[in-house]
Structures are given as C-alpha cells and as structure tokens.
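This is the structure I have questions about; it appears just below.
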C-alpha cells in the first residue's frame, strides 16, 4: 500500500492513502491527508491539516506548515519552506459544468525557495531557486531564482543575498 | 436525525449534525463538519475540512473544495464551484462584547457561479449567475450575472462568454 | 497533564497536549489542536480546526473562530474576537536551512480588539485595545488603540466610537 522510511513519525489522525512513499526521519502531522502517488523524500516535515492532493513530489529537508494545500501534480524540491496556509493551485480555467476542458498545470517550487504564510501560488507558476515569496501574496507569474516577491499580485521587491541560500542541514 | 440519499459517500471522519439532509450521489470529505438545518441537493461534492455552519442551502451539482467556510444562512445554487479555502462570511458589524446587535447577512451564490481559491465573500453579497470571482479576491459588492471580478477589493474585469455558462452534466 | 475548569466542553476530536490550562465555561471545537504551555482563561471559545501553537496566553471572554492559527508565544487579551481563518504569525526571517537565526516575535492582541475573517497579523505586531482589523487584511505595523485598519497592507481607515468598546458580558 505505502512505504514509510525509518524514524518517520506519522500522527494517528493523519490519512495516508494508497501508493504513497515517505522517506526516513520525516514527520506527518495531525489531520493531514496525503493522496495517492505522492513521493516524499527524507528529513521532511508536513505539519497538521495539510492536504497533499496526489501525484505530488516532495524532496528532502522540506518544511510544510499547517493548513497548506498542495495541488495535484505539484513539484516541491529539496529545502523548500512553506508557511502556514500557503496554497498551491493547478486549475487555470475552472471547467466545472462547462463544455471545455480545464487547463491543469501545477506549480514547481525549486530548491530552497521560501513561501511565507497565506500566499497563493497560481497554476503552473515556478518559484525559482532560493527565492522568497512574502506573506499573503498572490503569485501569478514565474519568479526567477534568488528574488524576493510580494504583494497581490506579487512583484519583484528585492534580491536574495549570498548568505541566504539554502544549505543542507548536518544531521 | 439526518437523511442521506442513495449512493452518497460520507467519509468516516466527517461530522454530520442533527437535521441535515443530503441528496443522492453526493460526496462529503474527511474532517468536514455540517451543522444543523442544512440541506444539500443531489450530485454535489463537499471535500475535506469544510465547515458548513448550519441553516445553509446547497443545490445540485455543486463542487465545494477543501477548507471552505460556508457561513450560517448561505444559499449556494446549482452548479456552483468554490475553490480551495474560499470563505463566505455573514457578520457585518462584529458585536462581540458590544451593546448593539451584529448585522447578520449571508452570501447568495447563484446558478453556475465560480469562486476561485482563497476568495473572501463579504456579508450579504450576491454573486450573480455564471459569474467568476478570481483567486484571493475580497468581494464586498454584489457581482451582477455573467461578469468576471477579481482583486482586493474585487472589481469588474471582464465578462463571461456564451460558451462559458453552466450546463447540467449528463449522468 | 492539563487542567480544565468547570463547565468547559472539549469536543472529542480536539487534541489537547501536555501542560495546557483551560478555565471554566469554555468551549474547544472539533479538530482543534492546543499545544503545550498554553493558558486559556474563563468563558472563552475556540472553534473548530484552530491551531494554538503553544506558549500562548488567551484571556477571558475571547472568541476565536474556525481555522485560526495562533503562533507560538502569542498573547490574546480579554474580549478579543478573531474571525474565521485569521492568522497570527511569528517568524520575521525564515531561517530554514540558513546560517542565521530566525527572528521570532509573536503578535499581541489587546483588550477587546476585533480581527475579521482571513486577516494576517505579521510577526511582533500589536493590535491596540478595542481596535478593528478588516477582513482579508495584512497588518505589518502596530495598530494603536481605538482605530480601524484594513487593506493589504492595512492602513488606518477610521476610529472606534465610544459605544463600540468591549464590555464584559454579564453571565
């Protein structure tokens, strides 16, 4: 059904569906739901009330805080930080009850990017390596590497300094 | 206590309170709470972590995604789509600990309207037939039929084309 | 482990961790998590799906609605009202995988303040006595007493009248 690595703790109220792989030294919080065909690396934490919609790839040393919604097909690379209630979306044209098809494109959050609390990442958007998205932002364009974006809609507001890039923790 | 139609699936962790009516071919997700005196039609889905506050009327062929908050007294007509974490509110003047009374007025979401993820609909607001509210919007005025609104506060940004109106699915 | 006062109701799905003190006549809703070293006064309600991160102080006659996230170390005084999905944050510089330390500073919400639905209160911000924050606001500065602020970022938009100050309910 699913594979769980060593030293990984899953709270009793979390719901892990079929064909989910979780690495070692991970933590899955209360009331979190992980849907099928999701792969999570080692040393990652997903806190309470998160919804991982399925077909999601999450790397190593990732931190995903409470109430995050990770749309189906999202890719979250190593070292990413997602603050409380941040939201990855994947549906460009809502097609419910319409004759056309929805355009589905999930976000891609690259190595060491940080997304602050309450941000919304629109369908198909890429957040570049080590970039930072401010709290409550709505990001509807790709964010290049090493940039600071915030606002609604978010715009470039600064750059990441050399001492602010992600380094793998020693453990 | 409550009435549930045929072929309706309610996840084991959902909490359905007294005097709730749910039609046939519905789905109620994990950790969703449906409070008393709520009526839900046929062929509707309410996904995980939704809070349906009670005295709510939800039509047929409705899709309500994760973490939606539906304020007491809300009316949601047939074919409505509410994206992840959208929020219907009903309290105009917060009266907690004050000598006056709160002004309570719930939203009314009309036939085939679509509300994208993370939008907030303010008390008493009507979203017109087949209209579309963008992600992360704050809607504090009535939206007429067949319009596209987004932003915070939301404004009119476009119109819905003839091929974008809701049609009842054949099933 | 924890102390609970008289006439306090805790729903069966709430998770109360160690060293939590809750006064009398309180209500703790479904799926709410209260982490260690939190103290809650009398006559307060915390509704469903709230995350109280620990080391939090909550006063008397407080109302905290669904999906609120209360960051570690937050102080919430008597008579405060927090609408659905409002969010107190405490991390100024996200330090995950970086060589510096995060700057942690929790919000302080003073007597009788009201925070409407979906607002985000940034780290270290104080909301003054009896002040009101509008729905969906992002508050990144201290709000003085008796003021109305809203927007993203929030600004002063008005003042609270003398008949709008919090009075302790008689019960």
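In this document, chain identifiers A, B and C correspond to the written order of the chains, with residue numbering beginning at 1 in each.
Please note the rule applied: contacts are C-beta pairs under 8 Å (C-beta built on N, C-alpha and C of every residue); 3 or more make two chains touch, one makes a residue touch a chain.
As the structure is a computational prediction, the values presented were derived from the model and not from experiment.
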{"item": "Chain B against chain A, contact positions shared by both copies (same if over half, else different)", "value": "different"}
{"item": "Degree value of the rotation bringing chain B onto chain C, based on Cα positions, nearest 5", "value": "120"}
{"item": "Between chain A and chain B, centroid-to-centroid distance (C-alpha), Å", "value": "26"}
{"item": "Multi-partner residues of chain A (each touching 2 or more other chains)", "value": "31, 49, 67, 85, 152"}
{"item": "Chain B-facing residues of chain A, complex", "value": "15, 31, 33, 49, 51, 67, 69, 85, 87, 89, 91, 94, 96-100, 120, 122, 138, 152"}
{"item": "Contact footprint of chain C on chain A as seen in their complex", "value": "13, 30-31, 48-49, 61, 63, 66-67, 79, 81, 83-85, 112, 114, 116-118, 132, 135-136, 152, 163-169"}
